[in-house]
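Per-chain residue numbering starts at 1, and chain names A, B, C and D are given in the order in which the chains are listed.
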Amino acid sequence: MKPPLLSVKNLRVWFPKDVSFFGKPLTWVKAVDDVCFDLHEGETLGLVGESGSGKSTTGLAILRSHRPRDGSVLFCPDGQRVHDLSKMEHRELQPLRRHMQMIFQDPFASLNPRMTVLQLVSEPLKVNHVGNAEQRKQRVRELIVEAGLKAEFLNRYPHAFSGGQRQRIVIARALALQPKLIVCDEPVSALDVSVQAQILNLMMSLKEKYGLSYVFVAHDLEVVRHIADRVAVMYAGRLVEDGTKAQVFGNPLHPYTRALLASSPKPNPSHRAKRGILHGEVPDPSNLPSGCVFHPRCPEARPECSHIVPAQTRIDGRNVRCLLYESGRTLTDPAGADKAAS
Amino acid sequence: MNAAKTTAVAPVSADEAKLAYYEASQWSLMRRRFCKHKVAVWAIYILVALYVVCMNCDFFSAYDPNEFHERWVDMPPQILHFGKVEGYRWPRFYVHPSIRVRHPVTLDECYYADTSRRVPLEFFVQGRPWRFLGLIDTQLHFFGVPDGESCFLLGTGRLGQDMFSRLLYGGRISLLVGFTAVFLSFFLGISLGGISGFFGGKVDIVIQRVAEVLMTIPHIPIWLTMAAAIPKGWTSLQTYFVMTLILACMGWTGLCRTVRGKLLSLREEDYARAAVLAGASQKRVIFVHLIPNFLSHIIATLTLAIPGMILSETSLSYLGLGLRPPIVSWGVLLKEAHNGQAVLNQPWLLVPALAVILTVLAFNFAGEGLRDAADPYST
Amino acid sequence: MQKDPILEFDNVAVEYQLDEGVVRAVNGVSYKVFPDETLAIVGESGCGKSQSSYAAMGLIQPPGRITRGHIWFREADGKPRIDLAGLDRNSKEIRSIRGGKLAMIFQEPMTALSPVHRIGRQLDEVLKLHTDMGKPQRIDRGCEMLRRVGIPDARKRYDQFSFEFSGGMRQRIMIAIALACNPRVLIADEPTTGLDVTIQSQILELMKTLQAEHHMAVVLITHDLAVVAETADRVAVMYLGRIVEMADVKTLFAAPKHPYTIALMKSVIGSPLAADGRLQTIRGSVPGPLERVPGCDFHPRCDACIPGLCDKQEPVFKDIDGKTQVSCHLFC
Amino acid sequence: MLGRYILKRALLAVPTLLLISFSIFMFIQLPPGSYVEVKIEQMKKEGTVDMSEVNQLISRYKLDQPAHVQYVFWMGGLLRGDMGESFVDGRDVVDILAERLPPTVAISVITICLTWAIAVPFGIFAAVKKNTVWDYLLTFIGLAAMATPGFVLALVFQMAAVGWAESHGATFDPSGLFSREYLGEPWSFGKVIDMAKHIWIPVAILGVAGTAGMIRILRANVIDELRKQYVLCARARGLHPVLVILRYPVRVAINPMISNIGLVLPQIISGSLIIEKVLNLETVGPKLLMSLQNQDTYMAAGIVLMQCVLAIVGILVSDVLLSMIDPRIKFGAK
C-alpha cells in the first residue's frame, strides 16, 4: 500500500520557558505534546483548536520551522521514498522544500515589502534554480493569473494590494514549485467575510486542479467544515480527536469537541439554540493540569481523569483521546456517553 | 472647452499617479515621505553644501589656515559688500581694506574699515598650490584678492591666521571625524550586533554582557584615559586615527543593540520564515530579506549618531585631549578662542561654534526626517 | 404601544479632513434602538460601523467631525431627548452621559485597560464620576459588578492589575466597568473578536443575561454574521458608511433584499443562503476610503445594477414592506 | 521580599565592583609615563631635582612594584577607609573629595530637579499639541539646545553675566562657585549664599541640554501611549479630557523616566565635567581631569571608583524604583 503523504507520529514541540544561568531549560512550555495523524494525497486535514492549542506550532513543526523535541514527521512526496523530516539537517531538507510550502495568516507580514510581485513569486523558483529569468517571469505571470490577479501587477509592490489580493500573491508563491503539501496557517482569518469566501474558493479549485494536500490550521469551525476532508481537534497541545469531517462534526466523541461545536455560533438565526457553555479557560501551556488536560473544564470529568493521562483510542477508524472511550469503558458505562451525546 | 479638456485629462493622470505609487519601491516611498518634511530636506541641502565646501577647503579658502599674517593680528571680519567697484563695469563683491591704528585713549590696537577704498573679490584665481583629490596639482582657488590686499571674511586669529580658511579646514576634520567614527562604530556595531542577533545563543550572551559592562562604566574617564594615552609626539594623522577609534569604541554599544533588536524582530517576520521555507539559503535570507529591510532604519540611526560624534570631538579637543594644533578642527579652533580669554573682544572667534551648531542641527533634523520616513506606519 | 427609542441616529455623517482629501467614514446613518433590544450593526472593515458608534460617544477625534445629522439620546423615559451630535466632544454634558447612561466596550480587551492601574481603580473611577456613592459603597458596588460578570474571588481581584487576567477575563472586566452605572445603552464594539470560541460564547451569554436584568438597549457592532444570528434582534447592514438594509434578524437572514446583503449572506459559510460546494462571492473588492463613486456606492460590484440609474442617483433609505428598510433603487 | 532582593543584588555587586576597580586601576596606568616622571620633569623645569623626595614617594606607594601589587596595596587601604593620597596636592583623597563633593552634588541635584520641573509639563504639552506650531517650536528649540556644545553655552553665559554686571556698574567673576573671599573657607551661611549667587550659571547650562532631551523623550513616549486603547476607554468613561491624559498615558509614559533617575547618579559626578572645567568650578570633575592628565593614580582611581559604585547603585535604584511603580515588573510578569 502506498504510504501516506504525511504521517506525524508522537510529535512533541517543547519550548524552554525558564532557563538557568547557563542556558539550560528548567521548565518547558509544552506547545505540542504527543500528536499523531496521517494525511493522504489530495486530502485536506483541518487542524482546529483554540488559541494556545498548539495547532500553528504543529503546522510549523511539520515544515521544520520549529525543531521537534521528539517524534517523527514522515513525508513521502513521490509515493515511494519516505523521509523523516524531524531528524534531518537543514541542508538535507533543502531539496524536499519544493514539495511542501506554507501559507501564512497575516498577508501583510508574509510578503517582503521591498520586493515586487515578480520577485516575490519567483523567489522559490530562483532559490531552487528553476529556469532562467525569462522563463521564470513567464511562469510567474501564469501563476498570478491563476491566483486571480492581473498579469500587469507584476511590477507592483505589496503595499499596492488589499489583504485578499496579498493572500492571492502568497498562494501564487506557494504554488510556484508545484508542491504536494501546503500547510495553511489560518489563511483566511485576517480577511473580511466576502474576501474569505473568494480565497477559500480559490484554494479549493487549486486543490482539485493540482491534487494538492492541505494541512489547514484554523480556529473557525465553519471554515474547516467547509474545506476539510478530515478534521483533527487540538486542545492544550494534545490531539483530542480526529476523524473524517462527517464523523467529527456529525458525531463528536470527545467532550471538548462537543463543547466546541456547541459554543461556536452559526450564521442562521432560526437555529438559535440554547448554547452549551463551556466554563473556565484554556490552561497555560507551561502549567498544564495533571491527567487529562481537559478535565478541569470537562462536564463529564470523573475522579480518575485528574490523574490518568488518556491514551489515543481508535474507534470506527477515528481516534479519540478520552478515558470515556478507553478499552471497555464505553461498554461498562454507556449511559455517560449517551448523556453527553444528547 | 478648457474645462472639458482638463476633466478628460485628469482621471488619466490620476491613474498614472496611482500606478506610479503602486509600482514605487520602498525606497522611493521613503523618499516621498522624506520630501514631505521640508525642514529635513533643507537640512540635507545644508549638509551637502557643508560637506562639499569643507571637503574642498583648499579650493574654497583664500589662505593657508596656518599662515601667519603679522600685519593683521586679531582683526575683525571684513564685511562682504556687493556693488560698483572703480575700474570695473559691472557691480561685484568687494571688501573695504582694514587699517590698523592705535586707540587714542586706551592705546589699544584696533582696526577700522577704510570705506574710501573698495577691494574687489576675484573668482577662480591662481594662488598657493594644492592637490585636487590628492592627485592633480593646481593653483586654482575659488576666490582671492590682489596681492598686498587682505580679505579676511571672518577676521583673523591671535597670530593673524585667516579664520575663514581655518573654519573650512577645521570643518573638513570635524565633519570627517564624525563620519569616520560613526562608520567605524557602525562597522563594529553591525558586525557584533549582527552576529549577536542572527546566531543568538552563547555568542549573543557574551556580546550583550560586554556591551552592558561598557555601558555601565562611566564613559568620560575611559575617554579621557584613552585620549591621555595619545603620545604627544604623534603625527597629526595618527592622532586623528586614534581619536576616531576612541569615539568609535565608545559609540558602538548603542548601535549594536539597535542592530540586534531590529535583526531579532525581522528574523521572526513571516516573510523571512517564508523565504527559509521556500528553500532560500541563510545567506540569501540575510542579504535579500533582512538587510534591505533594516538598512533604512540603520541609515536613520547613523545620521542621528553623527552629531554626537562631532560634539564629542569638539568637546574633547576643546579640553585639549583630542586633536591638537597644528591640526585644525572646530574643537581646536574653539579651544584657541577660549585660550585667548578674548571672547568679549574678539567674538568672531566663536564662529566655529555656530558652524558646529548648524551642522549638528542639520544632522538631527535630517536624521529625524529619515527616521520618520523609514517607519512605514508614520503618518 | 411601543416605547420611546433610547438612542436615535438621524442622518448622521462623520467626515475626516485629511491632506489627501475628505474621507466620509459615515455617510447618512439613521436608526433607532429601543429598550431591551439588541441592534447589530454588521459590515466589513472600513464600512464605518465603529465610527458611527464613536459619534454617539463623542469620541470622534480631529481631524474627524460630525458634519450632519442628530443623535438623539433619552436619559430616562419621559425626559426630553438630547442631541449628542450637537455637543462638544469634551463638554460637561456629554461627559456626564458617556460612561454613565451611555456605555461602551471596546474591541481589544488586551489593551483596553490601563496596564499600571488596579482594576478596582478603573471601576471606581466610573462610579465616582457618575454616582454620589461614598468610597466604601463604591468598593462594594465594584466587587458586586465583578461577581456579576463571573469573576470569582472578586474582592481580591478588585486590587489586581490587568495583566493578571486573561483576555476573556479582561473583557468581563470591561463589561463590569461599562455596566457599573446601569447604562441605558451599551455599545459593544466587536466585543468578542479575538477571543476563543468557548470564551466568546461565555461573553455573549453574559451580555444577554445582563441586558435582560437592566432592560438595556445593546448596539452590537461586529463583522461576524454568526454572532449576529445568535444574539441580535434587529440588524443593520452597512456598506461604505451607509446602512444599506435594516430588518429584524430572522427576516434579514431568511429573505435579504439588498444585493449587497444577499451577496454577503451567500459568501458566509453555513448561512441559509450559502451553497455547499463553492461559495458565491462578491466581485471586486471594497474601494479605498478616498475612491468614491457617484450614485449607489455598491453599483460597481452589483449584479443587479441598473445602468443610468444606479451609477447616477443615490438611493434613498426607506421602508419597503413594513419589515425591512433598504437603500436600493430596485425597491423604489 | 524587597529587602532580600536588594541584599542579593548588593552581594552580586561585590565581584562586579572588584572586577571594575581592577580594570580601572589598570586602565589609569595604561598611558605611558607615571607620576614620578611627571614630577621629575616638573622639578627639572624648576631646576631643582631632589631625588630623595622622589624616592620617598616611590617607596611609600610602592611605585616601583608592578601595577597589580599597587592595586592590592590600594585596595588594602580602601578597606580601612583610606583612599590614598593625591600626589599632586599631597593631601588625602578623602579630604579632597569631602571638600569637593557638596558643591558637585548641589549642582547636579538642583539641575535634575529643574530639568524635571520644566521638561515634564512641556513634554506633555508638545505631545498633546502634536504637529501644531507649538510642537514645531518646541522641537526646534529642543534640537537647537541639544546641538549646542555645553562649553559654548558656558562661554556665552559667562560673557552675558560679565556684560550684565558691568552695565550695572558691578564686577562679577563668573568662573568658580565662590567669590574669592570664600575660597578655602569652611562652610558657613555666607558661603552658601555666595554659592547660590554663582551656581545658576552651571545649573542653567547643564539644564538646557538635559531639559531639551527629556522633553523629546517624554513627548515620544506620551504620543505612543496616547494611541493605546485604554486612553479611549478612559475617555469613554466620561473622564475629563485633561485628567484622561494626566492619569493614564502620562502615568505610563513617565514610568521609564522615573526609573532612569537611578542612571543619572553617576552623572552627578562626571556628566558636567567639561562645563565644570570651563567654568573652573571647585567640583570633582575638573579634579578627575587633572589627576588623569598628571597620572595622579590614587586621586583618579578614587573618583572613577566612586562613579562606578554610583553607577551600580544607580542601576539597582532604577530596578527597584521600576518594580515599585510598574506593577507588571513588580509581579514578575513580562
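The working rule: a contact is a pair of C-beta atoms (placed from the backbone, for glycine too) under 8 Å apart; a residue touches a chain by one contact, two chains touch by 3 or more.
Just so it is clear, the structure is predicted and the values come from calculations on it, not from any experiment.
**Student:** Chains shared as neighbours by subunit A and subunit B?
**Tutor:** Looking at subunit B and subunit A together, no chain touches each of them.
**Student:** Moving only from a chain to one it touches, give the least number of moves from subunit B to subunit D.
**Tutor:** 1
**Student:** Considering only C-beta pairs in contact, identify the chain pair with the most of them.
**Tutor:** After tallying contacts for each pair, the winner is A-C.
**Student:** Once you find the CA centre of subunit A and the CA centre of subunit C, what distance in Å lies between them?
**Tutor:** Result: the chain centres lie 33 Å from each other.
**Student:** Find the geometric centre of each of subunit C and subunit D from their Cα atoms only, then give the gap between the two centres in Å, rounded to an integer.
**Tutor:** Here the centre of subunit D sits 55 Å away from the centre of subunit C.
**Student:** Would you give the residues of subunit D that are in contact with at least 2 other chains, written as numbers and ranges?
**Tutor:** Residues of subunit D touching two or more partner chains: there are none.
**Student:** Provide the list of subunit C residues touching at least two other chains, using ranges where the numbers run on.
**Tutor:** Touching at least two other chains: none.
**Student:** Which residues does subunit B have that touch at least 2 chains other than itself?
**Tutor:** none
**Student:** Taking touching chains as linked, do they make an open path (line), a single closed cycle (ring), a hub with spokes (star), an all-linked set (complete), or other?
**Tutor:** If you draw each chain as a dot and join those that touch, you get a single closed ring.
**Student:** Please give all chain pairs that are in touch with each other.
**Tutor:** A-B, A-C, B-D, C-D
**Student:** Report the residues of subunit A in contact with subunit B in the complex, numbered from low to high.
**Tutor:** 23, 63, 65, 94, 97-98, 100-102, 104-106, 109-114, 116, 123-124, 127-128, 155-157, 159-160, 170, 173, 177
**Student:** Help me check something: in the complex, which residues belonging to subunit C touch subunit D?
**Tutor:** 57, 59, 90, 94-100, 103-104, 106-108, 111-118, 122, 125-126, 129-130, 161, 163-164, 174, 177
**Student:** Can you list the subunit B residues touching subunit A in their complex?
**Tutor:** Within the complex, subunit B touches subunit A at residues 21-27, 29, 201-202, 205, 269-271, 273-281, 284, 288-289, 292-293, 376.
**Student:** Going by the contact rule set out above, which residues of subunit A touch subunit C in the complex?
**Tutor:** 50-51, 162, 164-165, 192-198, 200-201, 204-205, 219, 221-223, 225-226, 259-260, 263-272, 275, 277-279, 281-282
**Student:** Once bound in the complex, which stretches of subunit B touch subunit D?
**Tutor:** Touching subunit D from subunit B are residues 213, 216-218, 220-222, 224-225, 228-229, 231, 307, 311, 314-315, 318-319, 334, 337-338, 343-344, 350, 353, 356-357, 360-361, 364-365, 368.
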